[in-house]
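Just so it is clear, A, B, C, D, E, F and G label the chains in written order, and each chain counts residues from 1 on its own.
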Amino acid sequence: MGVELFSDIASKYNYLGVVILMMIGLYAMIAKNNLVKKIIGMNIFQTAIILFYVSTAAKRGATIPIIRHGHNGHGHEVIHAAEYINPLPHVLMLTAIVVSVATLGVALALAVKVYHQYGTLEEDEIRGQLRNK
Amino acid sequence: MNILVGFLLVIGLFFFTGGAVGILRMPDFYTRLHPAGKLDTMGQLMAMGAMALYVVGLDLSLASVLTGLKILLISVLVFITSPTATHAIVDAGVRAGMEPWTKSETEDFRDLGA
Amino acid sequence: MIWELDFIILTLVIFSGIAAITVKDLLSAAILFGAYSFMMCLLWAIMGAVDVAFTEATVGAGVSTVFFVAAVFHTTRDSKD
Amino acid sequence: MNTILSLKPLLAVLTSLLAVPGIILSRSPNVREGWTFAAALAKFGIVVSMIPMVLSGVRLEYTLAEVLPGLGITFRVDAFGMLFAVVASSLWIVTSAYSIGYMRGLQEHSQTRYFCFFALALSATLGVAFAGNLFTLYLFYEALSFATYPLVTHHQDREARSSGRKYLFYILGGSIAFVLPAMLVAYHLTGTLDFTPRGFMGGIESKSTLLVLLLLFVFGFAKAGIMPMHSWLPAAMVAPTPVSALLHAVAVVKVGAFCVVRIITGVFGTDLLAAFHFDTLICVIASVTILTSSLIALTQDELKRRLAFSTIGQLSYIVLGVALLSQAGMTGGMLHIAMHAFGKITLFFCAGAIFVATGIKHISGMVGIGRRMPVTMGAFFLGSLSVIGLPPAGGFISKWHLVLGTVQAHQYAMLVVLLASSLLNAAYFLPIVYRAFFCAPGEAMFENRIAEAPVWCLAPLVVTAVGSVVLFFYPQPFLRLAALAVQTMTGGG
Amino acid sequence: MRIIGLLIVIAFGSLLRYGVFFFPEWGDPASPPSLHVSPHYIEEAIAETAVPNLVTAVLADYRGYDTMFETTVIFAAGLACFMLLRVLQRQVPECRLYRHIPTGITLRIEKGGKLPTESGSFERIDSNWVPHDLIIKSTSRFITPFLQIFALYVIAHGHHSPGGGFQGGVILGAAVIMYAISYDLRRSIQRIGEQATAVLGSAGVLIYAGTGALCMVLGAAFLDYGALAGLLGVDPVMARSHGMLIVEIGVGIAVSAVMVWIYYNLSSAGRHDEGL
Amino acid sequence: MENLSPHFPALIIIVPLIAALLTSAAGWLNRRLCFHFAALGLFTSLLVSTGLLASVLDKDVILYRLGGWPAPWGILYRIDRLNGLVLVVIFFIAFLNLIANKRTVEESFPEQLGGFYALYVLFVTGLSGMVATGDAFNLYVLLEISSLTGYALIGIGHERAPLAGLNYLFMGTIGASLYLLGIGFLYLMTGSLNMTDIASLLPGFYGSPVMVLAFLLCMTGLFIKMALFPLHAWLPNAYSFSPSASIGVIAPLTTKVMIYVMIRMTFDVFTPDFSFKMMHLGEVMVWLAVAAIIMGSLFALAQTRLKRMLTYVIIAEVGYMVGGFWLGNRMAVTGAVLHILNDAVMTLCIFLAAGAVVYQICGDDFEDLKGLFRKMPISMAAFTVAALSLIGVPPTCGFFSKWYLISGGIAAGHYGFVVALLFSSLVNAVLFFRIIEIGYFEPFSEGEGGHGVHHGPPAMEIREAPAGMLACLLLAAVSLIVLGIYTGDIVTRIIDLAIPPAI
Amino acid sequence: MTAFFLYSSIYLCFLMVLTLYRAIFGPTVLDRMIGVNAIGSKTTVLLILIGLIYQRVDMFVDIALAYASLNFIAVLAAARYFQKRKGLYDETRFR
């Protein structure tokens, strides 16, 4: 069991890193009071997912997904799929990064607006202010 | 060729080491900037040079020369920006009211900082 | 994929992530988040995802840090947790 | 029995609905009431024109739309529905006339709204009468509930609002919590909701399921006829009198009784009920209601409240009659819809007329009033005779059949109940008449020179009083319809 | 909250940890993602689209539709920041600071006051930014054009090396942001106005969508660049490559404009007056 | 038009997208144009989606390859009867609300018209794209578009709107990320992103816990987005503080589209076999839905503000659909799908009415609603119709979906769900009749109206809502009844054929 | 040679740990900035080293270039914060 567990961890530590990062991000989003902290947590969560996707793309013994100069498809050399890393998750994650930066922008804008309204970024203080009103 | 590359790279890493240790060990902000600004820039320059050399030496073609030039371009860029960044940080520190370190007040920032 | 580097950087990423959410100063958090992004970018370069690394380098390290600083500039650096 | 497609039932339902825009948009009250009358007469005409066909054994049917697969808004005119429709549509004319007198006499507010919702309520009532399946029945039942809500709360004061709330709570609660699930379960079990003369639940074996369904239906639809569901009715007496008349005599509570009868005959079928001995159960519930409500009625001093409790008891007669499952009992129950309608509406009109003329609501204040308002109180006498079930009024006919039915069904206990309740009826109505005519009027009577109510009030109540007497001598139309209905339901024909 | 958060997080984490047991090994060449769809991209992309950078090929062509919406997301974010933060009611600040450029003398003008001479020799400066940091300004002035050229290179060279519209766009935007940081926001807005950023943002996305629509008008499916072959005068495979370039340019324009737009709004909290 | 008809699936997304971009650009040139661009775009897409529905009714399924690439490699649009219907509803509602709220938008955002309309149209674009797409990842991107614009549309309101918007953003991002993670798990196991392709590869992994996790993650993400009961916390604040113009489109559409996506995922990606038979999740989900219905109703009872009360009603309605769907028999699923349609229109109608009221009296406390029937008879009549529909009174459409849901519950023998539905109907009755009573019978503070209320001119400055708003409101109210009457057609011709035969 | 590059990069990673210590625990914000800046410069080198390990260095150069310049911008922005906001301590209320 121990050996199995270890080999499992050894072969999948990257995914475990993803899980840990997700936990960090989620914890920040749930437990932190500060809005900017929450936003950071949100970003960490998103990057963790991106990391997960990119990890699925990894391929042992393959190179980056840009065809070498010699290869041109219909030429003398045939391209083998095993030579190149899977490009599809990269594409997806480009989109996801863009989405995350867009979300970040909107979230920060909202946070600035909230700050202008309440004079604080702490959620419990805001809640207290609302209760007193 | 490879030896030259290795030598340069090792020197670069040596500078980096100095920078890292300096950043870690120096007592205050201004003094830490010193290794950060100087040694890192130097280390980067050396390492970049080594790698540019390696790339050019690997196979001498237009593409590889271009790549080597690009690597050197990075080091040029770093050469310009790194001091500016250091300057900006120093400026920020001065404006923020950081007192330069003197031997007597070593521990002052510990409790003030974050 | 270069697993040795990957392992080290992943650890560093986790630490800087934890640091970014625990530090009590929002500007520091923003800067640490920048560091987190740097290393994330490195991680992706290590895994061979060059385009993703490029994007992360431009977005995570550059623009989003600037956004964070701008937002902190207009709000407060103060944070209770 | 053959079925033909006809637009008439739909037209009958729609006439009053179509009058609503006219009522809302008309500028002067006269035009508005003209619309009401026109619609009422048209509706009555359409309904009456269908009688010969129905009596000849033809069923008129029309499906408006197939809202759910295999389940449409279907109108089907059979004898029983016809009976109810005739009662409702004929009395609407009278009630409209009376409303004009009453509303103008008291200078009520929001008369447009009143007439508008009155018309809507009638539409819904006819929809219930002609409903061809349980779903359509439910639809119009709900519509009726909502259309009467503004009528009940017409006065808009605190009391009206609270009784309106109570009304809605009972009606909506009953229909949503009881009828809807029961209907769905029935649909789920049998795959149909179309009323058939012998009921469509025959295929279900489980007694407990049937019992639960039956109780859900009966309590959900009862509106007021069954005891625990009644309590909104006395509260609803805050409404203007024509509304009470509508509620009690014409539409709303009658719809409840009508629905219960429909459920008993059209959904479960007499055979099924008899097979599982559910008839006794319903009889017991109904008789308890009859006795209790009569006793409560005795203690009421406000005339309208007394009438209300009387209504509860009378409705239970209908339920009881049908639940006896004997030929005569069912005929009696159905006839009672008509007879009681005429009698009770007279009583309500009288109560309203007294209120319009004198402002008196309580029985204790009506001593000697018969001398000032002989016509009104005369009508009141005839009406109470009808409700009690004494000879020169139509109520006797239905009660006679009911009594016959108990004998036929060998339910002698029910016979006793009927007789006892008749006595009680007499006990709470006749003293009013007696005191009105034979006691010396109180001081107050002389001071405000009381005369008869306005003609618009008086005429309708005379008409209905005379109607209930006429029905005694000439009950044929209703009798034939009821007999035909019973025949189809019990499989005699 | 902390405890609850911790519990949720631990539950979530252990659930995922459990799932990880059943994952294929990391980097396994025989895992389903490496075997099912992606081989087609790797083996055929260059023949079908003439683009060696597979990521670009997939991004802008095979899944070009995603990328269009990715650009739209950025645009929407810019729009959202604008809607959320922008304060359009012009409120005159309490006091304004002006510097006489030749002499460096600073004038402080109270509310309602006017500048003595409306000549070009005065420039408005931020109220809390007094000094004139020559080093940073010169450096950024020196770097900016290189950065912009580099950005254009990244956009244009995205077919053959990492990069493309998005990365190039961000760098282009970052160049402007750097200008705004090292000088001041007002001057940057004078150069590239808010209106320009907004219109360019939508124009960039419009280029993308318009290219797709053009393909549709030419009779092919939406975003099927092969249809552009007739217009561009090349064979369909090259047409795909060129189509991608057009699209990447659109993305670059949109992204750079929107990044600048968001920065303007965020750094001045929507007042576009004084900023970071 | 002839040669464009094969491109309809793309056009329904492209037209509003381009309209949004033009609107935004037009905002800087001439503000008057914005509304026209937006309205034109939405109207065109409404027409296109109607055409699409018409053609899909006899073609079964329309596939559209974007970029001309075949299925697992390119992105595919897959229009079947179900999402054809949903698309029509989306554009109908968006268009109606846009027209209705022209005035309010012009008054609240006079300088930022272009931005608002562009966000609005983009929001609709995202939703419709989510419905139409056949690619699991594309769905995520579109989801983010609609969420991002949704955050902005909510955050631009007054009072607590920014905070509510930020909370919505956090929850929404978690939801979307969880969905993305679930898709990632699926991708890891199957290597594909195309929904149909995944479904065809899936049987090989039925036993795998990763698949179960993927399913759970996707569903949790969607549940957060649709505000199912324990995850609903973001919704009430977000909806009650946002401007009426945005809430008029967000409230009817967001949750419903998310529920549609849930249905799509379970049917087309995870296949009914897996979702219903292997997951054993049905029971749990239905009880969750029951909790949602009951808690939503109870919370709604406790509110004293109109819009806030309505938000809790929405939460309860979400429970209807989720519960109905997870009952998993044909009746109940039909009910759930039908309820998506009906609830969207109902919510539109009731929020338009609430918006009209808020616009006229500048407040939505129950106290403010006194005597409103006299001042705004038509709006309140529409409100009443919508309320009746929400209660579930025939002939309004709300009844029929409830009918299907309850009969589904009975067929499944799940009486808890049936009771919850009936309970919520009763509570809705209490809720809405309370308001109707206040609006109708509480005296308006000045001068009791006397006679002929319907004829009399309005006594105070409060008057009926503007004509455009009123027309849309009436149209929505009428469509409630029309939908009710044509339920049979909708069910037999569209929904019955759209639900996979496996159920 | 690849092995040499790999070891160099691992060594750089180790140096990054040291720098990261400053970034995480550095008492003031400016110390963190120094740390992050130093990490940035190491990362630039590391990126190219990775390129060399992959033997596709031409693909990584652009990233490194963009990286270096954007790192500069980020540091500039953070430094600007202090030029605008006067104090490190006065306005913030650290507890």
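Here is the rule we go by: contacts are C-beta pairs under 8 Å (C-beta built on N, C-alpha and C of every residue); 3 or more make two chains touch, one makes a residue touch a chain.
Quantities reported herein were computed from a predicted structural model and do not represent experimental measurements.
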Next item on the list: Kindly list the shared contact partners of chain C and chain F, in label order.
Entry: A, E
Note to self: Looking only at C-beta pairs that count as contacts, which pair of chains has more of them, A-F or C-E?
What the structure shows: A-F
Item checked: Of all other chains, the one whose Cα centre sits farthest from chain F -> B
Item checked: Gap in Å, rounded to a whole number, between the CA centres of chain D and chain B -> 97
Check: Cα centroid separation between chain D and chain E, in whole Å?
Finding: 75
Checklist line | Rounded Å distance, chain B centre to chain E centre (Cα mean) | finding: 29
Next item on the list: Quick one: report the Å distance separating chain A from chain C, using the average Cα coordinate of each chain.
Entry: 11
Next item on the list: Provide the list of chain E residues touching at least two other chains, using ranges where the numbers run on.
Entry: 16, 21, 23, 26-27, 31, 33-34, 37-38, 41, 53, 55, 59, 63, 66, 69-70, 73, 76-77, 80, 84, 133, 136, 140, 143, 154, 161-163, 166-167, 171, 174, 177, 181, 262, 266, 269, 276
Item checked: Residues within chain G bordering two or more other chains -> 16, 29, 33, 35, 54, 58-60, 62-63, 65-66, 69-73, 76-78, 80-81, 83-86, 94
Check: If you look only at chain C, which of its residues touch chain G in the complex?
Finding: 2, 4-5, 8-9, 12, 15-16, 19, 23-25, 27-28, 30-32, 34-35, 38-39, 41-42, 45-46, 48, 50, 53-54, 57-58, 61-63, 65-66, 69-70, 72-73, 76-78, 80
Checklist line | Interfacial residue positions of chain E with respect to chain A in the complex | finding: 1-2, 4-6, 8-10, 12-13, 16-17, 20-21, 23, 25-29, 31, 33-34, 37-39, 41-47, 52-55, 57-59, 63, 66-67, 69-71, 73-74, 76-78, 80-81, 84-85, 160-162, 166, 262, 265-266, 269
Item checked: Sites on chain G touched by chain B in the complex -> 1, 4, 8, 11-12, 15-16, 18-19, 21-22, 26-31, 33-35, 37-38, 41-42, 44-45, 48-49, 52, 57-58, 61-62, 64-65, 68-69, 71-72, 75-76, 78-83, 86-90, 94
Next item on the list: Provide the residue numbers of chain B that touch chain G in the complex, in ascending order.
Entry: 2, 5-6, 9-10, 12-13, 16-17, 19-21, 23-24, 29, 32-33, 36, 40-41, 43-44, 47-48, 51, 54-55, 63-64, 66-67, 70-71, 73-74, 77-78, 81-82, 84-86, 88-89, 91-93, 95-98, 109-110, 112-114
Next item on the list: Mind listing the chain G positions that touch chain E in their complex?
Entry: 58-60, 62-63, 65-66, 69-70, 72-73, 76-77, 80-81, 83-86
